[in-house]
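In order of appearance the chains are A, B, C and D, and numbering begins at 1 in each one.
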Amino acid sequence: MDLDYSKDQQTFRADAREWLQQNVPATALESFDTAEGAKQHREWEARLNAGGWAMVPWPVEYGGRGANLLEWLIFEEEYYRAGAPKRINQNGIFLLGPTIMEYGTPEQKARFLPKMASSEEVWAQGWSEPNAGSDMANIQATAFRDGDHFVLNGQKTWASRGAFADWLFGMFRTDPESERHRGLTFILVPLDLPGITVRPIEQLDGLAGFAEVFFDDVRVPVEHQLGEQGKGWSVAMATAGFERGLMLRSPARFQATAKRLVELARLHVDSIEPSVRDEVTRCWIAAEAYTLDTHRTVSRLLADGKIGAEASLNKIFWSELDLRMHELALEILGDRGELRPEAPAAGDVGSWLDGYLFALSGPIYAGTNEIQRNIIAERILGLPR
Amino acid sequence: MDFRFDEDQELLQNTVREFLQTEVTPGSVRTLWETETGRSPELWKQLAEIGLPGLLVPEQHDGMGMGEEEMVLLIEEAGRAALAEPVIATAAVAVPLLAELGGALANEWLPKIAAGEAVVAVGHPVSPFVEDAHVADLLLLPDGTGALHAVTRDAADVTAQPSNDPSRRIATVEFDASESTRAAHGDEASRLLAAALDRGALACAAGALGVCDRLIGLAAEYAGERKQFGKPIGSFQAVKHMLANVKVKLEYARPLVQRAAHSVANDASARDVHVSMAKLAACEAATSGAKVALQAHGAIGYTWEQDLHLWMRRAWSFDHAWGRSPFHLGRVREALFTGALPIGPGTTFRGDA
Amino acid sequence: MDLDYSKDQQTFRADAREWLQQNVPATALESFDTAEGAKQHREWEARLNAGGWAMVPWPVEYGGRGANLLEWLIFEEEYYRAGAPKRINQNGIFLLGPTIMEYGTPEQKARFLPKMASSEEVWAQGWSEPNAGSDMANIQATAFRDGDHFVLNGQKTWASRGAFADWLFGMFRTDPESERHRGLTFILVPLDLPGITVRPIEQLDGLAGFAEVFFDDVRVPVEHQLGEQGKGWSVAMATAGFERGLMLRSPARFQATAKRLVELARLHVDSIEPSVRDEVTRCWIAAEAYTLDTHRTVSRLLADGKIGAEASLNKIFWSELDLRMHELALEILGDRGELRPEAPAAGDVGSWLDGYLFALSGPIYAGTNEIQRNIIAERILGLPR
Amino acid sequence: MDFRFDEDQELLQNTVREFLQTEVTPGSVRTLWETETGRSPELWKQLAEIGLPGLLVPEQHDGMGMGEEEMVLLIEEAGRAALAEPVIATAAVAVPLLAELGGALANEWLPKIAAGEAVVAVGHPVSPFVEDAHVADLLLLPDGTGALHAVTRDAADVTAQPSNDPSRRIATVEFDASESTRAAHGDEASRLLAAALDRGALACAAGALGVCDRLIGLAAEYAGERKQFGKPIGSFQAVKHMLANVKVKLEYARPLVQRAAHSVANDASARDVHVSMAKLAACEAATSGAKVALQAHGAIGYTWEQDLHLWMRRAWSFDHAWGRSPFHLGRVREALFTGALPIGPGTTFRGDA
């Protein structure tokens, strides 16, 4: 066990810190789920990319920095430490990008990766359909082959970033006779094609974080198929895999929230119940546990280990922690905990309320926590289905 | 000893429930959300016709002359319907306060309230905000010395404080306290403010019951229809059990609210403790109902267009209004730990041996 | 709503209080799950019976006092208030007794009720079998008719009071072709018959609260069948019904525990965490809620209402409350919370530890809380099976 | 940076696990429960042969010369086996304490411990009880002034305090403190006692991991076999989810224990906080594991003859020993709220920028 950073790792951290200090916008951007915010975030991504920090874990040949997972964790720590903006193109950067590297043709890599790196093209994900939520294999949207095109029909929903994205990726049923996870093909779809209707979905916080996307005889060139025809499930599983999920929810995110929570609790220490102080302490411990566990996992992965159903433990842990931290923050804010940030009396309520509404979705999206508990019980503990 | 509401009370409740089912729909609530005041004078007038604002107004002032037992039943219905009108501020809190103040204030305002022609809001030191101040014709407000004042809205400086619930409109209010605005002071004002707090908290508890019941109903309905893996999600134990747990909380909050209503109506000595127990339990049921109903709905519940959040936000609002949980828990805790309250078998009701 | 006691009710309470004050043993009896304790409890029951207080809710003709449910609640309050002993014959008094009154022949009533009232005959219940626990209809013990006798074979388990009881009641399969809840007969069995083996089961607290009972060609006269042959399920359902369950877990029991808990917390108020004070407060509130709810139910029953699946709400609520109260007591006792009462340093730990071990069984017995949640979801909330 | 145990460490753990699987069975644990001391000198000797008591004994005193990282792996195994021998008292706490005291005490006792010929118990102000005092050849005890004394058992007055866990034997101990018994005082004694506490708590955390893992295993095994309503109860979501929740707790406690071991081994500045975090999380996992495993077993788990309670009692014992949860939570809380600890992204490991 070696818990010290190497010289190189320290240098990497120092470089990241310096660049971020000089470049992170002084005032917070608007939410990327608004038109104006999406524009601001695209600008920020372009700047990150110009600085060479947009695609830290990507290979250098695709515009990345070739960083390993541990360096990625270091970068994330610095990124959150600097209070840098959220990543509008996370679907592309962390989910689709690595999948294209694995399954894409050379032409696809050249076509998609650079514009993803610069966020010139922002990606929506199209995992879910109205009847394929937690039950992801129940996909009904179809793609039939017509010459050198697929013709898409059907509907995707809960497409995150769907409202302001340029492209969408998802699975379509290319074999009409097939069932469940067979006969699906992974296809990349430009959202400006004729026959596509994007309908933003307004969330509890009033923002359009998701969209429904309708396909009505949409013609997509076959070269936008990723991986083999009918093998979309394997591609999707790789995309949804743990290593990438990790990148979406790096420990730094929860450590940053835990720190803000502790600071809020310290500020109001005289007015809060002792039990709230205790719960804040427990949350900070949990954020540390999450960080340590991630380092344990990354150490194993760097030594060529594999990750399996443990990802379900991870999902439950961070989503419950995130929700608990936001609940506690509102509790600490007391009477002001119900105020919108724009209320004259809001004071230091900041983004806690909207953060709470967002955190409420944690136990739901990316596979409800109920599904995750089934997976743990069946695949890790060996209980019967 | 009969721990039940009587038939007349249940009849009244059913009447109001039926009225609200017709007149207050998710669509009409959303329409009001988009308005500046979030309130409908027409609806208020209709509510007056079925006796809601004037429920506690004494008969000599043209009211129904009823009490808190009836009030909690009706406010439970208001919660079930996600009604946004100032029922708690005006009907549950301001009316008995004005009646106790008596004199010119009572003579002027109580008949107007009963007729649905006035809204009265009440401030209290337990919160920096006054609900429905923005539409109140009259405001009853404490000053820094503990005296109580009556001011009209144009004499007050009302600053809206947008909240998480578009149905809950709160404001900070400043006004010039003077001899002429003063309605009560000293012990009388303390007594009136304490009673106002208990009535407001009791009403919130009652509203939370209705909200919780509706949340469970919405979730059970959705879970019975929505399929995943070829089965309705409501057939999965995880969904069943989370809803069952909320149902347990709800059904054990209910008798606490019922008893608190009796204690407020009869000005029982442990009134404050009984009210706090009720508000704690009912709001805990409603807020956990919000969380569980959302989880049972999954992503669809997370959308603005799904009606679920109308009640989720009401649950959070009732939790915030008229004393948050730490305040009410503290009141019960103090009573228990100072030994002020007789406890143990045979102490629950008055007149025990 | 009328929350005052009538003159008669006040008199009833005063009478009970006076008798109990004069008769409750000054020192606690030993546990009735020991041989010596069983003897002491039988003596106490005889005394209660002589005083006319053993069978308060039973009709006068069977040795009772003809009290209604509300008076029963009052008696229970006084009984717990006086710190009177637990009821060794609760299976008889509260479960079987009322069932015999409903289903028994005049001869059975005369034969069984008076000796039950005096606890001259103590009853064990034989609901469960090794494969019929929560799934109570899966009974496999058989009774075949041979002339004027039944011949019993099979096994009952978790027979509470089994170790020191005289009789057992339970269901046996009289129709070998039958399945589930059909073809069962309710039979009363003297435990001293040839072919019966009683094997006490030692519990977590080291006491024999339960027994396994084995039947090997045990011959029981047919007149010990209760209700009709093959209709045992209806009889059992009546026995397990809510009104009787209520009597086993009257609010006074939890109010008494809540009071002891509050007093313990007051005593140690300077050493306990504030959050423990809060939790104690919540428990006391819950005990009050349970009391109020019971009065609500009793008011309804007295006005001729019926009770259905609500009993499942009740089961979950009291069992979780009881466990929580005991956990908190051990928390308050701190370092001493792990000591056996006989430890020299035990101080005021009293029976909290054994009470905790007993409370742990609350969410399990009489239908696990998981089963109860299913019942609530399906029968009250209307969710699909 | 490599947050893994190395191959040698895992090999050592496996060796001990295999030994304990053979030599320590539920039956043998129960046999010891019935004895007066609850301890087996033969087993202790066997454990010495595989290096357990002498794990931390420096090589010059005939020990293995290893550190806390190895210790937590082995104590996790002891927990998994419900081993009752004085491993924590002697091997995890007394040995490094004696080594730090050095001199005649170290020279005399460390080789004996490594040889399995002595048991040493350690008292600490965090608890009124001393575990394994009844079988200790030597007792290291604080006095009221904060000094540390070494006394043989015959010079001490040991009063057994029967506990809820027949495997946990604790006692109150009185002794005559004098110049001649004093082993350390002042800052040195404070430092030694602080280290002893952290080592004891760390060991309990490690043991709790093993206990929790075993509880989950027992419950999963039973639930996979036991049928109700024609299906294994482990196929019901309620059972699945309660066990999954414990598994989550366990797996996130594990890295906290691992880091705390590293911090103790390296005397890191936040050692105390790291240990408290680990003990809180591991004991919370184990005690909730006890509750859930019992619920999954149903009535059978409630019997003395079912082995489940061997581990349930161990879970409660680890929770009690070397500082209960409020103590450890308090230590972390103080560090957080006084601002003594750097927090936020990039502060988890030493040498962060």
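Note that in this section a residue touches a chain if its C-beta (ideal position, glycine included) is under 8 Å from a C-beta of that chain, and two chains touch if they have at least 3 such contacts.
Every value quoted in this text rests on a predicted model; they were computed, and no experiment measured them.
When the interfaces B-C and A-B are ranked by C-beta pairs in contact, the top one is B-C. Chain centres computed from CA atoms place C at the largest separation from subunit A.
Subunit C and subunit D have CA centres that are 40 Å apart. Centres computed as Cα averages put subunit A at a distance of 54 Å from subunit C. For subunit A, residues that reach two or more other chains under the stated contact definition are 273, 278, 370, 373. Under the contact definition stated at the top, the residues of subunit B that touch 2 or more other chains are 236-239, 241.
Only residues 1-6, 69, 216, 220, 223-224, 231-232, 234-235, 237, 239-241, 243-245, 247-248, 251-256, 258-259, 262, 277, 280-281, 329, 332-333, 336-337, 339, 343-353 of subunit D touch subunit A when the two sit together in their complex.
Subunit D meets subunit B in the complex at residues 236-238, 241. Here subunit A touches subunit C in the complex through residues 273-275, 278, going by the rule given at the top.
For subunit D in complex with subunit C, the residues that touch the partner chain are 127-129, 159-165, 168, 172, 227-229, 236, 238-239, 291, 294-295, 298-299, 301-305, 309, 312, 316-317, 320, 324, 326.
Across the complex, subunit B is touched by residues 128, 131, 133-135, 138, 157-158, 201-204, 206, 210, 273, 334-335, 337-340, 342-346, 353, 360-361, 363-365, 368-370, 373 of subunit A.
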